[in-house]
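In what follows, subunit A forms one complex with subunit B and a second complex with subunit C.
What follows is the complex of A and B.
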């Protein structure tokens, strides 16, 4: 074992620990803001794993799209809907968690068994290494051209759909009479979103 | 690869299965698969058990990342010359971005109608 391979092993172990512990934190922490920041950490660690796998382009895309766009979007959503509410307790919650935990552990055991017993065809052909970005570009503009164009259409549709869904519908004229409408009446009455401090 | 410092005795306890044949470097393909399996199962558990709708979306992102780790590991170890797994991972990242945008927009409009993010109270389409 040379120093390079042992460095690779140490990096893999650290990044794997960050991924597993961070994702457990995302799922289990009570405060959702901490969860969102931990999710960013998990995304960064996954990008580090991609770098270990010689995929610098996908690692950069991961950082840009996941950390830069998705995580920021999730943080904005949390800030927009962050009302502290007391969730109504539902009966059998502990049993439900236990059952779903059992199902997930069973799935985990199954996946472990598949991963460890299947005779994978390693080592495969020699890796392209640093030429991966050029190879991805060749793929995107030759044999994966149609999915590439469909992805652009999908992104456009998602953008328009998100705008339509998240927009506030404000009418400036009454539909029936055509009179001008006081906008304050059309908007839903604002319920106080912050906790009333005076009550406690 | 120059024969550098020999650490093999030092890290021997980390090798789960000495039969595993490392192809590039020391980390075997199976290590990535196991990591992705763990991440996926954590995501499934969070998806089932979260009561906050934003956390459900985060769990979905975790599961998509687990799938991406699998794709990238296979692409690097088994399909090293035509890295098709990396192209697939790029597409998965694209779809995940679209999904996050639409999902959070749906969440916002739900919140505007119901003033809650509790999954137990989003039962309009149930039965």
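What follows is the complex of A and C.
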């Protein structure tokens, strides 16, 4: 075994252990902030696996999108609504845990079956390496154009939805009770754009 | 460093200085296998870059003290070494000696991990900074994209230290830092994308090569003036320098996410922010100011003097000129950043976010589209 292959094997074992233990921690830890930070670690380890597969562009994109955007937003959301409150005990928690554990184990069994029965070509196709960026670009703008555009439309819808939910439209009268609302207490009183005033 | 340059002088190849090849050749001459030679070579550039980064920080801290003193009509550090050049060393030693305090109610593990997570990506980004044709640690294909994705890890470290300090000022500072760096990352990436489009490559070496056809006239700053300004503003915001130092605004947040930190952990934040400043300036000079290129192409000068570009002595001189030019451009930009810090007032958080999302982002998008159009119309000038 040469130095290069043994280094690769050691890296793979470490990364694999980090992914498995880290994801178990994400699911099992009680403190949600720890779970979120561990999730970031798991994403980084997955990026490391991509690097081992010679897919450096995918690895960098994984770090940028999952660690830099998704995970930071999760942390942001957790910290902005960081209320220290004791949650109510949920009825039948043990049964729920048992059921969800069963579903997860079934999924694991399915994945194992797929992994063991598929005739993997060993060794796989040659790595594209540095040309990967161009290949991904070509695919995105030819045969994968439709899913790509659909995904962007979906994201646009989510964005508009978020803006609608986050806008604080304040009417001068409460819609339910008809009482007057004291607009002086509102940070930025403004004319509502989304609610039709003529109806109320 | 001595070893690498000594070997460079003995064995040189045609494509500029290739220190690794000559190093492994000289080791193989001693009867060591190529693999072991490669293994021995690997830590050398990393160490060199670590040392370069730390020395760069010391110089920057000294400059900051001296320039701020000049801006405020003071003298600044004077007694530690000539003109106070040893003052940053004294600062660093003082921080090393200090007691490492972890607040009782803080989360010890996250409190320690936070500064590390802030510093490591910044140092890793030095991987792609070229000082010459072969004078960089690794010419990875994804080059500048690696820097963008690595710099997106930093906010996690800031959030972590802000949260773990168990202090409202720290948490607010961490949240502000994360919000700021998320919003300025997008125009920054778009500005970089316009440059990448012109050079048809993400690799920093290719980006510099593409700018050095006609010396100072072919630098990207003439073809991408808007992108240059956007990148510089966003880089300052990513480094949390004034006028964008809201995460540690003294008057509002004590010191932001670093309020509870002392000793070496505070030093890590300090080091991280200054390494980031030097790195950003390096990347501005690589992306827009021709990197290691001399204002008049070195090849022309060599031709006028009747020498061959491949001659060993010429190559050593070319390499040294490249390093000097990179450092010179970088420190001019650092000087500009320091002047800005001591002469401009801080923006408010709503102004900061307005500037990022409502001004820089649309301009960066338009810049990208215009660059694409120009590339189609004038392929000779915009790298078709």
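Assume the second predicted complex is superposed on the first by the 152 of 200 C-alpha atoms of A that agree within 3 Å, B and C clash if a C-alpha of one lies under 4 Å from a C-alpha of the other, contacts with A are read in each partner's own complex, and residues count from 1 in each chain.
Following the convention adopted for this analysis, contacts are C-beta pairs under 8 Å (C-beta built on N, C-alpha and C of every residue); 3 or more make two chains touch, one makes a residue touch a chain.
All of these numbers come straight from a predicted model, not from anything done at the bench.
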Legend entry - Clash or fit, subunit B versus subunit C on superposed subunit A: fit
Inset, instruction - Tell me which partner A:56 touches in the superposition: subunit B (first), subunit C (second), both or neither. - result: second
Inset, instruction - Considering only the touch criterion stated at the top, classify A:97 as touching first (subunit B), second (subunit C), both, or neither. - result: first
Inset, instruction - Using the touch definition from the top, say if A:165 reaches subunit B (first), subunit C (second), both or neither. - result: first
Inset, instruction - Kindly classify A:88 by the partners it touches after superposition: subunit B alone (first), subunit C alone (second), both, or neither? - result: first
Legend entry - Touching partner for A:80 - first (subunit B), second (subunit C), both, neither: both
Inset, instruction - Please indicate which partner A:69 is in contact with in the superposed arrangement: first for subunit B, second for subunit C, both, or neither. - result: both
Inset, instruction - Check the residue A:40 against both partner chains and state whether it touches subunit B (first), subunit C (second), both, or neither. - result: second
Legend entry - In the superposition, subunit B vs subunit C on subunit A residues touched: B
Legend entry - Shortest CA-CA distance in Å separating subunit B from subunit C in the superposed model: 7
Legend entry - Touching both subunit B and subunit C, residues of subunit A: 2-4, 57, 61, 69, 76, 80, 132
Inset, instruction - Note which residues of subunit A are touching subunit C in the complex, please. - result: 2-4, 33, 37, 40, 44, 56-57, 60-61, 63-64, 67-69, 71-72, 75-76, 79-80, 82, 129-130, 132-133
Inset, instruction - Over in the complex, which subunit C residues touch subunit A? Could you list them? - result: 35-36, 39, 110, 140-142, 145-146, 148-150, 152-153, 155-156, 159-160, 162-163, 171, 174-175, 178-179, 182, 185, 202
Legend entry - Footprint of subunit A on subunit B - complex, ascending: 1-8, 11, 14, 17, 21, 23-35, 37-46, 48-55, 57-59, 61-62, 65, 68-69, 72-73, 75-84, 86-87, 89-91, 93-102, 104-109, 111-112, 115-118, 120
Inset, instruction - Can you check the complex and tell me which residues of subunit A touch subunit B? - result: 1-6, 8-9, 12-13, 16, 19-20, 23-24, 26-27, 32, 35-36, 39, 42-43, 46, 49-50, 52-55, 57-58, 61-62, 65-66, 69-70, 73-74, 76-78, 80-81, 83, 85, 87-88, 90, 96-97, 100-101, 104-105, 107-108, 111-112, 115-116, 120-128, 132, 135-136, 139-140, 144, 147, 151, 154-155, 157-159, 161-166, 168, 188, 191
